[in-house]
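To start, I am sharing the structure in question, which I have written as structure tokens.
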């Protein structure tokens, strides 16, 4: 009499104590200015992951060989972004303190700031590898500093110049591109330059943040602000695999799936598969 | 480090051992001939129940006062209806054997047959109270005997004449209405006659089966075969409350929510609220 | 080797020669100013009719007992409303000339004008019974005379004063209500007065036109211009049955289903069932 | 060369200086915990109003006879509810100071608090007439005080006991109903008692707030939290007309349309028509 | 009086006796475990084909030059997969016996087994060319042997080792890839190796089965189990054209369109166009 | 008290007198035979443009540096195509007469004929550069000459042979391709040959018409007649930029977005971004 269901990303059912990688969801979209809905991303990813297989023919490994735990979603309130970031940072810090790798699913991109706060506290030399369509470097958005449109700018205040490596950026106002020229390592319009960056980052702690809208909307329509001109699935799959295999990733996230704009489920499948490949590449080093 | 999520209908988180009512889902629609999708009903009901309150201003009681357990969904295979019915019957029989009340959510109406098999084995004098738009009294459907369109006919083979009490029926082929005239207690086109039936059933064991398409499609569009001309929400709410309060219900089910046809979520809310009222009325007698 | 499919409304498969009632579709919405899509109504009605039964528990008769033929849809061009009306009038006239009853499905309400032209030619004393949310009495719409918003005004030019009986009207500009006061028999806001009208029409030839948006949008959301405050399903079902049973209906139509706004299929089911009841009531007098 | 489009609710194109009623939108849903989207309500109402007529056959008056101005939407930031309420209160206070009647469209129900702050400052004896499915009387929601679920509780802090008159409430946790028993004038489950309330309020300044989810979801599915068991269109239409005609309404709002859950557009049509009837009833006294 | 509509794929209106290619639909999805709906594929393909042209600028030929008959859909029951496969095999065998080429549209991939049974009976040396995202080589799925997930495994039991040539496979559990290594000719992750395979198959009878989910979900979202990482439209178009032109195709199918997940209609257009190109390439050899 | 909203494409808020480029919408789809809805394109483009940035990282310029005016949409009647074309031609001629560049958004492709009439009157040597999936060279469509399917054929009557340069065409009936061989400069199946064409057009006045269905439906599903096999976003972006930078474009349009088939909003984003790039390239020469 025991099929009480546990909601976890497929095959990520290790006990917390045993786990090497710990997933959790941050279902928050309270500062999203255009089209909300990423709050529904984490549970949708968990549920729909069962439409995929645990085995990857790309990496020829299987999630059932890894020790991964899914803690489910944080309970977050709407109407107080600082409290939300506190909850995310607290969860991330606890996982790091236990020697495990935090793997967060969003939610809007602002939640990354909470995780980066915890990661930079644990690893002061932290670098950030950032895949995104948008620069996210505004100083404020309509007067609000804790906004999805400002998240990398807030991260820059924690890391300083030259520690944020941005790929795929194809949207921003003019001032953000000027800021990037001076303060970040931006690779606009494509994922070009990743190999060199990974070589340079050897031995340094890395936070990997993937805003899935770096993909072209033909591949990933299910997001709040589609930006035509992005990369395709195989380009992103290869890129995140390279980061997870070659860099010393200490924490990571995948954000911005908005299921309401994913009528066919194809975007959710993309999110699930990118996560599977990241977990497999990260897990291979942590068995 | 303990927010691992449990997927249960709101506030139905008692331990099985303590529970007086035991919910489970039967996500099967393998014989649905017109528009499939009720397989998605049970998890959708569970998830969306959190949009409602646990307190009923109609009954002035609260689910948090009841001892209800939600076992989640049975894992059912597609392609073998007999195996599905076996799983449903087994689960129902086990709950009955433990002295608890089984409360099943469907799924297509065929799953009721599995539960009725177990209930009639435990209670040979079983009567069935049936709310539905459709008579479901065909002998076969395109040659298939185990079909949603035949479920009450199969039940009649178990109970015999005069033990099936049908309300709200407004669709069927001519032969089904002729069969009903001879073998069942059918109240067509409305819920009229329920009070008299409940008086007559006093002291007898009752299986209550609610096919939600008894509701008018304006109230409940989210179903595979919408039948205009049905009852409204308050009529059904009052009717199921009356059955649960006045009859000796030994097992029950609520079936035929098909979430893909419920774009707005209103049908799921109706399903969740009917279930809440039934649980509260049943639970008040089993605290 | 013979399951070549014939697309016909359920059970309306009589040969034309044998048929007493002849259905055809007029899939045109070329003057619809707000939200187009009624062009998809006729085939959708035909297809989805198979989700219903041929037997009516209201009338206790069956379509399989009637002699009805479905000729399918007229092929109509977009960009020339006069040609469209010519095609509709030609088809209607031919069916009338063969002593059969034409039953048209729309399409936007403008197509009624084509059928009325043929009917008034055959029956100079023709009266029109009109169920609708909208008065449709404008003299022109943005300069266009052949517009869905003007269709009853054009019909009035053919019949003269006092021959158009309007029910359920709850929308129009002020001038249309003033026109109705002087020239038509309008029963606004409800179906009240129908019985008296039917008594007065005894012995006179009647064209029945049903714009389904006379129904409340809760019952029938699938239309281009939803108008809250309409009648419910049973009110319309009873009303059209009364007209078909008591009046001498010589031709009729059912218009304005727009399937794209009928996500759940409930509106199409309403259209199919209203048509079934009309066919059964009309057919009972023409076996 | 002058068809630059002005986005205004139909026929509400008076100059501000001339206007007696002043509409504005408050497109905010930043504390919505379940399903966001009411931010899209105000522009959708404005656009889709053109599918209706300016003339009401119920009231036999026309918007073109009234002097109404639509200022469009406030530009509101996401991530700072206090700033949002400040903007709403400022706009409302300015309109009141100019001797005009503010008519706000939401947005989530929280925005009402901003308008009530301004109204109670101008009219210390203010009473509130509140149509809603939900009590909205929580003291906080997950620790947040400025939440849609708390808005009437916050209003109670401004008005004190006995000045909030609630109708149609059918959802809340047990504590909210206990609070209502002690502090508000709640009429649960229906609109019963409205006439007596209006008699008692004669001569007192009234703020009218309409949460459209007071309607049954069959009539109004397009909202974040559908609650089965509500009133129908004509009941609400008559009720708001009565308040606008009989009470001394000094400001008002209509909230909680969420267009993403209104696939057919029927809910938006309901919102537009309720607003039209309110404007006509209010305007008749202010020509 | 003769526009009774025939539902056939565009321009495929030859008499059966004259036809060289014979289409039929197998609208079955009774074992689909994840998201059902492919039962709606065959009629949707037929209807929407009229949005395309009969002429191909790729092949510079026209369907109107070919002799193709469309028999419409088999009437299949839900709840008995063996009966379904029997009906498919019977239809396929009859067409083969008449010296014509059977062209089946699905439906879920399981229906291929019925057609292969007939084809292998007629051509014992049959090879299968298989385009798919999924290996479909499981021995059973939740205990069910006749499952869409097992269809090529069942085919392998008929053909033996080395006769199944799989292309584009990018999903399966580990055991399926191990099985493929030993028993089938699998070309994973792309369509590479097709030319060599076609050379090797010269003179041998070939069954071509196209599961459209071999396409990337950006191109073909309208399917039950989207698998990111697939081929694009031109790759598949060229591949199926090559097989139809160069191999001795004796029967073929195109499966797994699920229209409910094809909101825009783009997936249906892809299916229709792939079918048109196949028909033109096959027909050029059979005029 | 002045936030009355102006509906204009982002940053295109110059006064008409100052403007160098003048946008307007032609929301007409009255001859669309397959799936209507492009009438909703122009306002959707205007509204959703605010989800993009005014700055282009491709061109490194900003719309805020340009002088562009958006006049909003023409008010067009349905039911009279000739009147519609007259309104379009009148608007275009007036803008040309004022020495400004007209930039029209559709609407179905027929509206191009109105603008070309005005442009050829002003520039008798006019050439047309045409991006499209469809040849649009039929002489009539079901007897209608003013049809979207005939628009380039009508333009050819104005320009004569060799002055229409077609790119990306992949659909048409056989006769259209034969017509193109004799009378137009067609580059079928891709955008190949554009550079040479632009070289040849040096110094000649060019009308640029972009039917967005030239894009592959994976990129642009939101259109009435999706045609698989089209170009991707970057190919079209580069092509329109080249034309705007290198040719002497005297007027232009972008047509055939149908928002109802753009559930995710990705197609609208594509339309908005193509327009932004065109405006920036055109504006750079007209500051």
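Here the chain labels run A, B, C, D, E and F in written order, and each chain numbers its own residues starting at 1.
FYI, a contact is a pair of C-beta atoms (placed from the backbone, for glycine too) under 8 Å apart; a residue touches a chain by one contact, two chains touch by 3 or more.
If you're wondering where the values come from, they're calculated on a predicted model, not measured in any experiment.
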Interface of copies chain C and chain D: same or different residues on the two sides (over or under half shared)? different
Per mean C-alpha coordinates, the chain lying farthest from chain E is D
Among A-E, C-D or B-E, the pair repeating the C-F interface (over half the contact pairs identical) is B-E
Between the Cα centroids of chain A and chain D the separation in whole angstrom comes to 39
In whole angstrom, the CA-centroid distance of chain A from chain C equals 56
Among all residues of chain D, those touching at least two other chains are 75, 216, 218, 263
Contacts from chain B onto chain E in the complex sit at residues 29-33, 36-37, 39, 75, 77-81, 83, 141-144, 146-147, 260
As the complex stands, chain C meets chain D at residues 34-35, 169-174, 177, 188-189, 216-218, 221-222, 225-229, 261-263
Given the complex, residues on chain C that touch chain B span 50-55, 57-58, 62, 216, 218-219, 232-234, 237, 263-266, 269-270, 273
